[in-house]
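Pasting the structures in now, so scroll down.
Shared chain: subunit A. Partners: subunit B in the first complex, subunit C in the second.
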Partner chain A sequence: MFSYLYQFLDSFSFLVLAVSGLSIIFGMMGIINLAHGEFIMLGAYAMTIMAKASVPLPLAIILAALLVGLFGFVVDKLVVCRLYDRPVDSVVATWGISLLLRQGILILLGPSLPGLTTPMGTFMVGGTSYSIYRMVLALIAVVLLVLMYWLFMHTRFGLHSRATMQNSATAQAMGVNTAQMYSLTFTIGSALAGLCGALYGPTMTITPTMGQAFQNDSFVTVIVGGANPLIGTALSGTVLGVIQSVLNITMGTFFGKMGLLIVAIIVIRVLPKGFSGLVESYMMKRKNR
Partner chain B sequence: MMNKLKKWITTENIVAVALFGYLFTYPMMNSAYRTMNMANFLASIILALSLALVWGYTGIFSYAQAAFYGIGGYTYAILCKNFAGPTLTPAFLLAAMAVGFLAAMILSFFMFYGGINDVFVALITMCVTLVLETFLQQTAGPQWKIGKAALGGFNGINSITKLTFGSTVMRDKNLYIFALVLLTIIYLGFRYMERSKLGYTLISIRENRERSELFGYNVAFIQMMIFSVAGAMAALAGVIYTTWGGYIVPTAVGMTQATIPVVLVAAGGKKNSTAVILFSLFYLTLSQRLAASGTQYSLIILGAILLLVVLFVPKGIIHSLFEILDEKVVNPLLNRSEKKGGCK
Partner chain C sequence: MLKVENLSSGYGTITILRDVSFEMKQGEIVAIIGRNGVGKSTLIKSLIGLIRPKSGKVVYGDRDITRMKPYERARLGIGYVPQGHGVFPLLTVRENLKMGEMINASGKDKSLEIAYDYFPRLHERREQKAGTLSGGEQAMLSIARTLIGRPKLMMLDEPSEGIQPNLAFQIGEIVKKCSSDMGISVIISEQHIGLIQTCAQKCYALDKGIVVGELAGEEIQDYNCIKRYLTV
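Right after this comes the complex of A and B.
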């Protein structure tokens, strides 16, 4: 029984951490960053290189996230800010960035980097050993969701960003600097992607194509979750986490991936706006009563 | 009569005539090896045109063309392995196209009747391509068999029977001519469509779905049918590729393969099929030269082209060139000042 819970927490934290950066950018700007997987990959590379240079692991993780955030800021200024009102073109452009990054890293740093070992050791439940680090990741995922809740509901930035999200023209008329909000959002989203890569860096092989392992799952999660970065991420992370963990244990990881895709295709047929659309329409109903 | 001819003369049409003249005389001017090589390019061009149909004309951005290409190739290969002998291969070609059509139809039913569009279509189709590639890569064991055909994992399916009509085997020049005739039919179909009611409907859907819906068009249905036809076209390209090489492997279905039509269509000019064909010829020839001298930079070039084109020439390089030439050279020469009509 514990193995199900463990597997669920593992899937849940993976999905939440992988998707948070993507869904903040998508929710705010309506732009899908196809280089998201590569941003995650950059985070993992930055963390590993720093950790090898004997920077303590937690510090290396935070620095890696900041570095990728900075990189995201530059990418926004150079490319994405010209495409704010052309979402489909932004998909093509960020894909170009993704190809450049993946191949560039391959040429610069070779096909793989010697990885770190998973820190913190293991613990035993009922004769099977489980990794402590993965449980810490689950904890971090929950903390991240709480932090995002605080950021969006209790800060000035959150207020402005929700206003921009609902209606950017009106927000602009009320004195919100929407261009700055977009740029800030893209930076935060990139930093979160870097954080995800840095956190998962010690558990996987560091290769230029490692981002693709995150890419598919995070796209599916954002499709199922919808435009609201908070509700969408939390709900779809939970639901897909349950589905994936059950499928992984009973039928293997490949069917876990397949299952996610099929769920996503069915969900968009039934709920085109994802879970956040469902929750929002429910809340509207309650308000009107 | 004179006026009609005068109207017909545009850079695009002059280039198209020269281009197809070049393509039809190519086998006479070049060796069998180069002709065969060109046949492979023609398959890629048909694939690119299938993307131009959904993306350029109808405004649906799809990464799944490579998936349908692979579905076509694999269907043909599996059927060939199950029924020995070349007599039935034309039927297999049609069957592969039908499977591509159906697969695209099922996917697009869920997408367009679910009311999703734009960025989400890009995501879903990308996930489909990724999952199909992962699926095919892990089919190495003997349990992955359809009839007598083992799917073969990374190695794919090998020594596939070549497409044969009656006693004419589609190889070398035959295959080239076959692919070229199909390409010509598709191209002329596109050019005719541009000026037909259907073409205008597609453009209206591309420009504003809601408005088209209010005018009484069944937008979801039209999108679904166009997507399915494009799926069948991609499957056709897949069959040509499979019969060209005699093999089909998962990488032919994967993300790298999915990149190529997007680059060709975006950089050539997604709203202009002549531009797509012309750019494809340039690009494919160039990339083969590059691949011969070391492959690792070709993806970098692809990425850079995508990025620069989207930022600086969103209409596409060749399409923009056509427009400049029309305005600066062709129109003044013919003393023509009016803007060209039709769907651009």
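Right after this comes the complex of A and C.
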């Protein structure tokens, strides 16, 4: 029984951490960042290189997230900010950025970087050993969701970003500098991608193409979750986490991956706006109470 | 307070407004009247900056604001009540009102109480999502949201659209009261004659993007006089 819980927490935290950066950018700006996986890869590289230069791991993780955030800020200023009202073109542009990053890292640092060992060791439940670090990741995923909830629901930035998301023209006329909001959102989204890469860096092989593993799962999670970065991420992380962990244990990881894709296809058909659309229409129906 | 000189504006390569000029004084209520599609909204959107003018000049106070971004104009104290009310549907009434604080340039009393004083209904519904309000309530929320910013100039784009006809008069009364209570200048684009007659002190009539008439005082109250600009 515990192995199910462990698998669920593992899938859940992977999905939530992988998707949060992508979903903030998509939800706020309507921009699909195809370089998301490469931003995650950069986070893993930055963390690994720093950790090998004997920077303490937690600090290396935080610094890596900040560095990728800074990188995202520059990418926004150079490329993405010209495409705010051209979402389709932004797909092509960010795809180009992803190719550049993947090949650039391959040329600069070679086909793989010797990874770190997973820190913190293991614990035993009923004769099976589990990784402590992965449980810490699950905790971080939950903390991240709580922080995002606080940021979006209880701060000025959150209010302005939700207003911008719903009606950017009116938000501008209310005095919100929407271009600045978008730039900040892209920076935060990039930093979250970097954080994800840095957190998972110690658990996997560091290669220039490692981002793809995150990219696929995070796109599925965004599709299932819909445009609302908060409701979407939490709900679809949970639902997909359950589905994936059950399939992983009963039928193997291949079917776990397949299951996610099949769920995505079904959800697009039944709920084109994902879970966010469902929850938002429910909130609108709860009228006059 | 506001001076528009030879303003031409439109979308893409299409020009809608041609050489529009007018001027208004502090505290005045000016109505822009005309049928659908004559350029009323284009004019208002050019004044708040959501559309970039092709030529001409907009001077607010003694500043040329023609090239300013909407949020910069808003922070100078220009309030905007969009067509179709433009409330943020998934924000609560209170959150919508909080959005209005941003334009408060003078740092004057920012409390939401002003809004609740004028519109007690909004207080009752403050925790409700704005999208669940009726058309009339949304119109009031939109006006209240702008008032909270204590604007010097308030621009309303067809506030009577999508609400019950008898409420249109009420909006006219409210606009008039706000203007005299707080000394706000008002530009209102409208085709509801009752609303125009209730509050407007001066009217500019638009047709095909050109100012074709100017009415003041008695002429506004003359039903037939105003009607010819509004019927097809």
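Everything that follows uses one rule, which is that the second predicted complex is superposed on the first by the 287 of 289 C-alpha atoms of A that agree within 3 Å, B and C clash if a C-alpha of one lies under 4 Å from a C-alpha of the other, contacts with A are read in each partner's own complex, and residues count from 1 in each chain.
Convention: a contact is a pair of C-beta atoms (placed from the backbone, for glycine too) under 8 Å apart; a residue touches a chain by one contact, two chains touch by 3 or more.
Here the structure is a predicted model, which means the values were calculated and not measured.
Undergrad: Quick check for you: in the superposed arrangement, does A:I266 touch first (subunit B), second (subunit C), both or neither?
TA: First partner only, subunit B.
Undergrad: Is it subunit B or subunit C that touches the larger share of residues in subunit A?
TA: Of subunit B and subunit C, the partner in contact with more residues of subunit A is B.
Undergrad: In the overlaid three-chain picture, which partner chain does A:M251 touch, first (subunit B) or second (subunit C), both, or neither?
TA: Neither partner.
Undergrad: Let me test your reading of the model: by the given contact rule, A:G104 touches which partner, first (subunit B), second (subunit C), both or neither?
TA: After superposing on A, A:G104 lies in contact with subunit B but is clear of subunit C.
Undergrad: In the overlaid three-chain picture, which partner chain does A:V125 touch, first (subunit B) or second (subunit C), both, or neither?
TA: A:V125 contacts neither subunit B nor subunit C.
Undergrad: Under the stated touch criterion, which partner chain does A:G96 make contact with: subunit B (first), subunit C (second), both, or neither?
TA: first
Undergrad: Which holds for A:N177: it touches subunit B only (first), subunit C only (second), both, or neither?
TA: In the superposed model, A:N177 contacts subunit C only, not subunit B.
Undergrad: Kindly classify A:E280 by the partners it touches after superposition: subunit B alone (first), subunit C alone (second), both, or neither?
TA: A:E280: touches subunit C, not subunit B.
Undergrad: Spell out the residues on subunit B that touch subunit A in their complex, using ranges where they run on.
TA: 61, 107, 110-111, 113-116, 118-120, 122-124, 126-128, 130-131, 134-135, 138, 255, 259, 262, 266, 296-297, 299-300, 302-307, 310-311, 314
Undergrad: Give the list of subunit C residues in touch with subunit A in this complex.
TA: Result: residues 48-50, 69-71, 74-75, 80, 82, 86, 88-91, 95, 98-100, 102-103, 128-129, 131-132, 145, 149 of subunit C touch subunit A.
Undergrad: Once bound in the complex, which stretches of subunit A touch subunit B?
TA: Per the stated touch rule, the residues are 26, 30-32, 34, 79, 82-83, 86-89, 91-93, 95-100, 102-104, 106-107, 212, 215-216, 219-220, 222-223, 254, 257-258, 261, 264-266, 268-270, 272.
Undergrad: Tell me, which parts of subunit A touch subunit C in their complex?
TA: Answer in residue numbers: 159-160, 162-163, 166-167, 169-178, 280, 283-284, 286-289.
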